[in-house]
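Next come two complexes, and both contain subunit A; in the first it sits with subunit B, in the second with subunit C.
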Partner chain A sequence: MSAAIETRDLTLRVNGETVGPLPVPVGTSLLDFLHEWLGLTGSRMGCGQGICHACTVMVEEEAGPREMRSCITGAHWFEGRSVRTVEGHAHTAPDGSLVLSPVQTAFIENFAFQCGYCTPGFVTGASVLVERLKRTPVRRDEVERVVTEALDPHICRCTGYVRYHQAVRDLVLATPGLTTA
Partner chain B sequence: MPASHYAPLSRRNFLKAGAAAGIAVKVSFLAPPAKAQLLEAGPSDGPAWAAPGRPRYRLDAIAKVTGSKTFSRDYRSRDLAGWPETQAHAFLIAATRADRAFTGLDLSRLPPSLQPDRIVRHEDLVADKVAVPHADFFGDWFLVPEGETPRLLGQPVAILIYHDFPRFSAAKRRLRFADDVVQYGAETGTKPPAHYGASRWVRIEGDTADGPDRFSAYEHSPIFAGFSGDEPAWPKPGQDGAFAQGMAAAQTIAAEIDAAGEDALVLRRTYLSQSTDASAMEADNGNVWYDPASGVLHLMMATQSPYDVAEAAASLVATSRFPLKEVDLKVGYTVGYGTKDHHIFPFLCVVAALYGDGRPVRLANDRFEQFQNGLKRHAFRIDNALLVDRATGRFRAMTGRYACDGGGRPNYSVAVSFVGATAAQSIYYLPKSDFQAIAHASRAVEAGSTRGFGTLQTMSATEMMVDEAAALLGLDAIDLRLRNVLRTGQRNSQGAVPAGALRNEEILHKAAAHPLWRERQARKASYEAAHPGQRYGVGFAQVHKDYGTGAEAAVCSLELDSQGALSLRHVAHEMGPGVTTSQAAMVGDILGRVPTRTEFGVVRWPEMPLHTTDQPYTTPQAEEDKRAQDPRWVPRFTSPMSATNSAYYLGHATRTAARFLADHAIWPAARSLWARGGKGGALASYNELTRDSLRLSDGKVLGGGLPALSLAEVAAEAHRLGLPVGVTLHTFNRWQWAEAEFDLPGTTGRTRLPIDALSLRYGAGAPPERKALMSTAGWHFLPRAAVFYPPTQRNNVGTTYYSPMATLAEVAVDTGSGEVSILSHHSILECGRQIVPELVSGQVQGGLAMGIGHALKEVLPLYEDGPGDGTWNWNRYELPRAHDVALWNQTVEILPPLSETDPPKGIAEVVMIAVVPALANAVAHAIGHRFHELPIRPERIREALA
Partner chain C sequence: MPTLPRSLPAKRLGGALVASALVGAALVASGVLERSAVSREVEAPLTQEAMRALAPRGAKVAAAADCFACHTARGGAPYAGGLPLETPFGTIYATNITPSAEGIGGYSRADFHRALRDGIAPGGRHLYPAMPYTSYRGLSPDDVDALYAYMMSRPPVAVANRANTLTFPFDQRWTLAGWNILNLPAQVVTPDPKQSDLWNRGQYVADALGHCGECHTPRNALQAMRSDAALQGAVIEGVEAPDITPAGLRRMGFDPHSLTRFMAKGLSAQGGATHQMFDVVHYSTQHMDEADLTALSAYLFDRDALPAEPERPAAPAPVAVPQAVAMRASASYDGLCAGCHGHAGEGIPHVSVPLRSNALMRVSGASGLIRATLHGLPAQRFPDNERMEAMPGFATLLDDAALADLATWMRAQWGGQDKAVTPDEVARLRAGHRADASN
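Here is the complex of A and B:
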């Protein structure tokens, strides 16, 4: 490695599995680390400036998961933390079939996306919202506002947002425990 | 018409000619890794389909929602079979000035350890004979030569290649925004290319509706001109030749407008439509591996036009000093809204790879770079004049001068200018029209194909002007439109009769009856009373947009196996709108069963041994007639994924293949089964049964009172009888379908079909002599007995296929901040028969959001402060967010088809246009000020209200 590049070992959990220690240059974004070191390209580079949220990942913490922009957050910030990327939301059932998360199912059944480049960010954002609502439900008449506020930072260029937001609204309304009367 | 005059008219006029002889060119689509392949099992009768033709979700949905590798950008060398494990990375150094000579690079910001492993400069390319393919389209330089002034802002001067990612990444961060890396000499003034072209579309109607026009592009010719300075040097008016006659007709129209009296309204207005960036989320990227040992150029590229990239890449390398035996292009899913249809970027990726020392080199724009070098939407200056009869409210004439800024490479600017000009009539019948299309060159970042292709700019201006004309005439704006609407059978401004039923009038009536329109004055009063500081307005606009290019070609194959399962192969590939889903759905609609196996982006068609000159716009009639006698010649082999061509044009191949199997395999096999039992069987007493009685649904074959058969048993019978159970066909459209006659085997005999090439595969029970015919890769290629190509004169019509859409927009304008809030909007669309309604509504909603951005938010300065300076990103370029689009208050009405046999229409572009002028008209209603320049940003509103 070049003398101009300072490298430190990095260990974190990604989608439930421990990764590292790996020597990673200081200043490497988590997004580049996911792409170039781990081959996980589902989190997408949109702007590289934290504006479009196509790169967001879920950071799993005791207080509940939160959304982080991997393009503007250094990989070493995640030392010792646990990250869930879009590749880690579905799971494989004992019979070998793929089981999507409720958010993923809602998106595909509502034809929420076209090109799909922004979809990983929306999966992350909506999943964080659903987890938040499990802890702090909202009134049913507030759901549309809450969904719009939660997903508004995410840019979509193909489908005009409507089907994404409808899918999350309908999921929230249909899931016991996410809303109050 | 001399071919040379037509050359600049083509949307794609440069193909094939440059492809090097003897180079094998392969184009294929990324084989997904095992996991993705498993996830994307594709269409089946399983969970993806609620019913044949009704998908439960997109066929690519699971791969996309789980983050599988789908985009070209997702792939690294290690993910591609046969490629090396490691790869190099490259980035471009770009000039941010275009008024001084480039004198060299200063990389002293980089410590020795971060110096690039390879620097590529123009002088290297000259030494190695690497030249831009099709320089008349992509520009003359890849990289600015030392001592020369860049043609355009943001033009690259060097490629820096690193053999590892960490050094690449560190170096790129150190050089970003540095203004001392590119060294400049003395001021030279700007040196853009010569202006790109000008054309003029003049029409004066004839004495009768059916008789010849006095002058029109279709009847006579468009008019072409060079430049004198910045102005087109139009031919002199006269009677000698079509150009002179056309100019005389234009002179007549101008004189009539100038001489208009009190009985007419003359409205002259200038409109400015801004440059924008389509901001496709996936920025341009490519990963190219040139293996000097094998002479194979491996490309993985994000492009909407893979065939053309492969051909031009072959030409680029074959004419250089680098040996080349084969080009192997792989393409993933991508998205571009037109901006990945023909751009220099893929070839810059190829150039980088030539200097990769045998390593794959990845060149992938970040967003700053994408703004700096990605294709832009053309800025237009529009000078319109409309002559309206005051007594009747009928339009007598319209003229327009549509000048677009194409930036510093030619690209599609000429085509964009004339597609825009020929759309300027919007939805109106014009007895007289004169539309000038002018494509200027400049130092701006290059503009090219972008959703709308010039028509968003010109039709928005017309719709803003018609709204103003109605106000000046004291007429309801929809009423004025109804008085002038283009009706079925009337001619467009090129003199051609549009295809099928025009339903603009029906849409206008629906809009006029909508509460937003009917109650707008009352709502304005009550809203403003309830919201001090807010002004309320409702605006309306309606447009119709062409789809296709006038040279649409496709290949598709459909096979029925002996168990009744279907396999579909198609040249179409996925750009986002759902083409893979919709093509499979079309088969389900016609055959009552969706394909079990599908393959898209198919490029190898050994059963279709065709060749093409690929000059469909420029081949003279006599030459085309001669070539057409060769049954293996077609005017074009296939089209890029662009110009809204999937539903109608690519779907035509799919639908024709499905109907062919219904007619020639399923129908005779079902009759055979129904005739069992001797003496004609159950069919005998129903001997009036015709093909029209046949019904195919849910895997069943029935109709005419006969018992339902399973598709499986009918398929088995078709195979036993040796009927054609597989069909591969080629289609071509020049604003009309090519047709051909084929001598089908058996008793069918000569049959005319809307295709120009055909191969068949017969069932196992076919007699030996029929089986022997299947000698072309296991297929029977049937040379056509006769072919009927649409006359080359139809190249003059500009377009005949239209999809209409209207939008009503309801806004509130904050008089303090100038912010425009969209309270609601309602759109009315006619798209023929919907294939997958969920995909249509997604397209509409997405188009509306993009149009909202154009009308109210997005703007790029063209020159020194614009995106060429490398500092633009979405922090300063404001895209519409969810809260901007009236997310929960938008509705769409889609007209039902006139009959169940209506074809689907292409809608991807039209859906973003009407909302643009609708919003401008709504703001005018709200504050009483008409803006003629887009976007209408808060600061402009504040100025207007000051």
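Here is the complex of A and C:
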């Protein structure tokens, strides 16, 4: 017995480039779409239930980016929207070398991760926070709390929380414009 | 936790309260005193041995009467009070009921009986009906003795009671004397000989111990439970406490067996207990004897006994919605809901509740569904190591029109509801949200 799978065309922007229109079954998650259609395997399938946040991606909107869980959100929800995955945070310098984002650099400098499975989600969560603080800075004494709230939903099975937290806190405190006096 | 619906204008109720107080004062003056349900026999104190012997049964009474849920602040010491109950007239704080000087340490056996069944604390101080003494009035003296013995065996906690912040005239406790004369039943309900023992036990469990009506019965202008509309559903802190009459329960898809199970486990095909009903299951009903839950179910379904076999009420027939609504709604559903609740609303065991058989699709009001979708629900731990994961809120992803379409479409196909949800209703619930009101 075979059931017809309803398929619709999907067009969206991923890491700054337009993708599609591509025929995609309606029930496909964004995570499967990234993995299977685009070969972008950086976003991780962890729990598949929207709990661990290893799958989160940035959704770029006028009011600033937001975090969304790609494992529980349908690919077609992103029709016409703009998504940034962990593959889209670094950029290439004129000399051809790869330049990591400030968040990625801070994670490396702080040895923030061990196995790295959760890292794409933490990069997303921390980057969304940094972008938010560029628009609405917070007092320096609020940084601890703000970083905790931003990273809190992300689960790290190697329990690297302290170093992730330290990396983001130090980055926020050291970056001009993210905090007020 | 019973509270006062926000919709009622404070002025109108204030006037009604004063009027009732004047009527009450007139009655008091004319010699008709407030009627106590408490017999003089409880003036005699219980012996230490009797107290020790009664305490274990009192623990059961405390669980069934759900004293803990209201008398314990979030993160506070057990029974030490402090939980705020917000009303349109100010905040009432639940009191310390541990046997300390700040609590009920000085209460005699008779004081305790009068507080529970007459709503009058030592010194003649009237309790607010937020304390469900109108329901507890029906408690048996034996159960009140057992509860007294149990409460007096709890560790005393020295936490002072917080002062209520009620506005005039609601801060005038004497006005409650009048309220009591009008609204506190003179006669205590006695077993109905025409009904089975099970039914009668169920009535006691539901109406006195469990005080179901305090949330599920609508209130009149004086904030008293309307006896002509018992258990027909009301709105508590912005959340619909559904109709739990036999017709209301069947409408949600319950039968006597599944209701018993729901009360014990907090989960069923109808969904999970949320908001204050989660607290009811968490602190109260999961700890009750199965015999009492069976009786409760028999009474609520108005049966002499539970049927031998489960009865499965037929699922409501789907109602068609305009094509454009269905298109927009199914796009929202596939994008945001199906990942956890399944493409056909089947849910995922231990993760997310089914939607296609969910009571929120079938109850008359859509507020429960809209609220959950807008603001999400916390992760919940249920008996038997069962749990449901947190539901995110979609307030920033779905605008009023999109959420109205989604709710209309879900309730039409799964709940047979032909009344469309309006963007205005969504807007109202979006604006009225208070983070502290969600469970």
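Keep in mind that, in the parts below, the second predicted complex is superposed on the first by the 176 of 181 C-alpha atoms of A that agree within 3 Å, B and C clash if a C-alpha of one lies under 4 Å from a C-alpha of the other, contacts with A are read in each partner's own complex, and residues count from 1 in each chain.
Here is the rule we use: contacts are C-beta pairs under 8 Å (C-beta built on N, C-alpha and C of every residue); 3 or more make two chains touch, one makes a residue touch a chain.
On a predicted model such as this, the values are computed, not experimentally measured, just so you know.
The wider contact with subunit A, measured as residues touched, comes from B rather than the other of subunit B and subunit C.
Judged by the touch definition given at the top, the superposed model places A:Arg66 against subunit C, while subunit B stays out of reach. In the superposition on chain A, A:Gly27 makes contact with both subunit B and subunit C. By the touch criterion defined above, A:Gln49 lies against subunit B and subunit C together after alignment on the C-alpha atoms of chain A.
Applying the stated contact rule after C-alpha superposition, one finds that A:Gly74 touches subunit C and leaves subunit B untouched. Once the two complexes are overlaid on chain A, the subunit A residues touched by subunit B in the first and by subunit C in the second are 27, 49, 51.
Contact residues on subunit B toward subunit A in their complex (touch as defined above): 39, 56-58, 60-62, 64-71, 73-76, 78-79, 111, 113-114, 165-167, 169-170, 173, 278-283, 333-335, 337, 366-368, 575-578, 838-839, 841-850, 873-875, 879, 881-883, 885, 887-888, 890.
Across the complex, subunit A is touched by residues 331, 334-336, 338-340, 343, 348, 351-352, 389-390, 392, 396 of subunit C. Of all residues in subunit A, those touching subunit B in their complex are 1-5, 7, 25, 27-28, 32, 35-36, 39-49, 51-52, 54, 85-87, 89-90, 98, 100, 104, 107-111, 113-120, 123, 144, 148, 151-163, 165. Interface residues of subunit A, counted against subunit C in their complex, comprise 26-27, 29, 49-51, 66, 69, 71-74, 76-77.
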